[in-house]
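Handing you this structure, nothing more for now.
For clarity, chains are labelled A, B, C and D in written order, and residue numbers in each chain start from 1.
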Amino acid sequence: MSPAEAVKTFIKNGQIIASGGFTITRKSYAIYYEMLRQGIKGIKLCHVTPGGPDELLAAGGCLAGITGCYVGDELVQVIHPYCSRQIKQGNIWHEDYSHYSMILRFKAAAMGLPFLPTHSQVGSDLINPEYDVERKVGLRGKDSRFPLEKFHVMKDPFWPVHQKVCLLPALIPDVTVIHAQIVGEKGTARIMGPLGGDVEEAYAGKKVILTCDQVVPEDYMSKDPNANQIPHHIIDAIVPLPYACHPVSSYMNYDYDAAFLREFHTAMGDDSRRDKWLQEWVYEIKDHWHYLEKLGSERLSKLRANPAYAYNPDNDRSAYMN
Amino acid sequence: MAEQYYSVPEMVVVETSKFVKDEMVIFVGIGLGLLTASLAVKTHAPRATILMEGGTVDSRFAHLPFSVCEPRSAYGCTVTTGLFDILGYNAGGAHADLAILGAAQVDQYGNLNSSMGPRQSGEPFDVLHPGWRATGSGGANDSASGLPFVVNIVHQDRRFPKVVDYLTSPGWMVKEFENGKVKWVPRKEAGLIRGGPVAIVTTQCIMKFDEKTKIAYLAEYFPGTDPGEIKKTIGWDIDISRAVQTEPPSREVINILRNEVDPDKVLLGSLKK
Amino acid sequence: MSPAEAVKTFIKNGQIIASGGFTITRKSYAIYYEMLRQGIKGIKLCHVTPGGPDELLAAGGCLAGITGCYVGDELVQVIHPYCSRQIKQGNIWHEDYSHYSMILRFKAAAMGLPFLPTHSQVGSDLINPEYDVERKVGLRGKDSRFPLEKFHVMKDPFWPVHQKVCLLPALIPDVTVIHAQIVGEKGTARIMGPLGGDVEEAYAGKKVILTCDQVVPEDYMSKDPNANQIPHHIIDAIVPLPYACHPVSSYMNYDYDAAFLREFHTAMGDDSRRDKWLQEWVYEIKDHWHYLEKLGSERLSKLRANPAYAYNPDNDRSAYMN
Amino acid sequence: MAEQYYSVPEMVVVETSKFVKDEMVIFVGIGLGLLTASLAVKTHAPRATILMEGGTVDSRFAHLPFSVCEPRSAYGCTVTTGLFDILGYNAGGAHADLAILGAAQVDQYGNLNSSMGPRQSGEPFDVLHPGWRATGSGGANDSASGLPFVVNIVHQDRRFPKVVDYLTSPGWMVKEFENGKVKWVPRKEAGLIRGGPVAIVTTQCIMKFDEKTKIAYLAEYFPGTDPGEIKKTIGWDIDISRAVQTEPPSREVINILRNEVDPDKVLLGSLKK
């Protein structure tokens, strides 16, 4: 399935979309670019870990709000300038949880449970009722996809200490978007390298769009089943594409494009350049093949991973060096 | 200040790395924590194990990563798994010994703010229109909730309020919310039965926590700084009576940091900005 | 470390011992035989999945009770005859949970949490206070390793349905015993084939004894880190032994010994043969090398797995066929 | 009874396999469930996916296993994982469509007992000295709590009480415990918002559940059995008015079962005993 078909078939205005991957790794940019081109609106984005697609969707006017733990791309962009400004201005709401709390919310959904407990967030403003964003923007009790409470503190009934723990509500995305390196014809997924929160996000989603580097016969997946994490029966759309995550990386296949990321993030933070960048790299691009053509084969081949490293040790990262 | 063979960020890295003992299991985020743990492994703690929340155990970087989940973060690691195993089993389940965390603000009880605040520190603010935004918690709240932790922070006035403007990661006295009121309670009483802040390493000094009051005091000040001047920048009545001057780092450790840990200035470079 | 050293160093009378593996797969018999030889008493055994070691420890007089979900070895022994009789006679107590509940109890411990929720057990006698065995035998409120309650039913606070869920207390074993095929010199473990509940049991244990088929340099483990599940820093004893799990299987290395299992289980259920069997196969055996010698190399080599199958397709299973 | 080209256990397997539709995701335990799902995959449901709690997805057995976690159980599977993923994500998270379960007793609401009971059915018993013991729940409670399920059971008098002596796996009306009292409530009210029993396939008949009363009625009786005789063996006043005789299995499906699914009589053999 192409990114255009996947977005057209599964992604609707106003949905809760979970974005898999982790900042500069396995974020399915091809899908998010397409969401901008198709003019998707009112998305409630959520993730274990954010990334550049947050900026992209915000700048494309696709976002109503974000539920997550972080607003940035680690060293590649310490804080997302456009998103953080929209949050400060109240144009995009941001519901704040911790990293582990987010994976637990997806895990609860994956387990078919209403909640899971944690000792995270206890004692902090992450559970300050004053800062309950989804209530303040009127979602609680109105939109049935959102829980009635942000959290619930209770005393453990089992042990003499009766420790207070924080219960966190399940988060069920309408659609989860993830990327795997190798996928069987029916959808069995093999993620290589660190997994972040993708398995939990996939099991949590009502629908799952899976971009991938390669499709192989399921028989091939069966040769090393311990290497596969996600069964085919929870996958709804397979989108095989080279460089589906450009400008970020796919472990063992391609590295991130540091110069592109620097340009992208700089443009996102600059009112005079943002729209121009979006025109050039999103709206005037017909499809992923056009995008790859514009990048050019020389640039792409320089990102190819060296199998001894799973990345390219000669990748030019000077855009972020001093 | 005398001419130095080391920079202030390097000093911070060296001093923080001393909290990493051999055979410790260390949870690190991107940036200073990663640099610190890497230096420790290359010097006095070769058997320390580095955990990163992307899902890696015991990485031995060939090139320093830009992210705790990018391909470089996994080089040489012994187990690749997901965020749940690292933050749930290892940090939450107390199979790690120390976390190294950054922050935008830190207060007298070692509470961290990495998220947001009002335009003017100390004022209330509307969470739908915060005065400023930083990245947010990431895994900092989670590791601070379960593990002993050391804080790295740039030494600037506004970063050391008596009470953080937003409590992202819990220190020794933390918040409880009941019937619209905020109550300050010891972390154990709030439910945090493990961990807590061990030290704050700034670009000028090291603060530790008084065993009785759990309030941060000045333990060490870096060469070229003055305890009295430091006191003026701190939002609480900090005890400086126990302060001693920090020994400058050895040339050897600085050389290892520059030539072996971060020869490409991936992180040392970013710290200068 | 030898099984004798591992048991001597880590296993004490009265401990809570978690037994990894799954009926006829990856049960570290070498350790349990040694527990009998060292005369360990009063063990509270717990597991995600039971197996022949339950019979062995019961028959060797090592057991006070069992917390688990099952009393048998699937088709190899539909119900453990000796254990089930001891349970009926009240000589060994058996606290009853469901399969998933047991893994959740270990998972809660692994996560450092006092409990985890589930919808399992709700509506059933598994949460009937009348059948709370650990209370009836006087452990609750007396032995601090046991929870004050067997379960706790609560209403979900987050969703309009307010579903009732069952909270289950953490289970922290004093020692967990598991088996992996390949282990790094420091303890990084690679389990091949289905994992059962071993990862959760390992993270839950205060101490972990790991038997294995092979020890390799940690550098070798680093070549395929996605294949490894357990980090070295939670392992306390590495016990490398060929056929550590005989008479049961180790995926990719050796198959189960059907004739031996049939003889073992039959003897366990037969008062006239049980002690003789224990004398012959446990007490008169000096150590694991002696055990292997007694089995003989021909018998053992017939169990060797064929790598195309991960078991031996020619293994003689006629002891259980008709 | 006319001479048959099939055995009664084979009839049970064939009839149960009809509940497995193509593309369904099926949770099976060892024994009949596994045989049933295997037959379905080899006949009318080639794209059904078999889940086993040892940690396998979509196995294609070359040799039938003795256990859901032994090496044979994983042959040809597409994902090998652990029990948590299978029972938590797939069964609990409703990513499976049907479970096939065995039991020692089943009652009018499809509640199963796989665990224990008093010497005399219907009597109270001391859990420290049960009158009889069977294996216990295994994953039967978990899958029955979250999934639609079909029950396989040998047709013997004592196996069909009006109320099971110990409720291992929940049917349509289940138990709640409050202040030392037992209350019977619909499964949804108890917290079981998904799943429930679909049918009971015995060695003589098939029972289904009345949509209104949720009580099992006789839907089909096998050739050579009599509804009136069956009624005498059932512990509740079973409705036999809707019963029709089951068609005997085709020779073709019996041949597939014997020659392709279980040529070594690994499971068919054990069922005879």
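Heads up, the rule we're going with is that a residue touches a chain if its C-beta (ideal position, glycine included) is under 8 Å from a C-beta of that chain, and two chains touch if they have at least 3 such contacts.
All figures in this text were calculated on a predicted structure; none of them were measured in a lab.
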Message = By that same contact rule, can you tell me which chains touch chain B and chain D alike?
response = A, C
Ask   = Roughly how far is chain C from chain D, going centre to centre by Cα mean, in whole Å?
value = 26
Query = Counting in whole Å, what is the centre-to-centre distance of chain A and chain C, each centre being its mean C-alpha position?
reply = 39
Request  = Give me the residues of chain C that touch two or more other chains.
outcome  = 111-113, 118-119, 161, 163, 165, 193, 226
Note = Among all residues of chain B, those touching at least two other chains are 56, 74, 80-81, 88, 92, 146
Key: Pairwise touch network: line, ring, star, complete, or other   = other
Ask   = Which chain pairs here would you call touching?
value = A-B, A-C, A-D, B-C, C-D
Ask   = Where on chain C does chain D make contact in their complex?
value = 22-25, 48-49, 68-76, 78-79, 84, 87-90, 93, 96-101, 103-104, 107, 118-131, 133, 136-137, 153, 161, 163-166, 193-200, 249, 251-252, 255-256, 305, 309-311, 313, 317, 320-322
Remark   = Note: in the complex, chain B contacts chain C through residues 25, 49, 56-58, 60, 74, 76-81, 88-90, 92-95, 146, 194
Ask   = Inside the complex, what are the residues of chain B that reach chain A?
value = 30-31, 52-56, 62-63, 66-75, 80-84, 87-88, 91-92, 115, 127-142, 145-146, 166-170, 174-177, 180, 182, 185, 187, 190-193, 264-270, 272-273
Ask   = Contact residues on chain A for chain D in the complex?
value = 109-113, 184, 186, 188, 203, 218, 221-222, 225-226, 228-234
Inquiry  = Taking the touch rule as given, give the residues of chain C at its contact with chain A in the complex, in rising order.
reply    = 111-119, 144, 147-149, 152, 154, 156-161, 163, 165, 167, 169-170, 192-193, 226-227
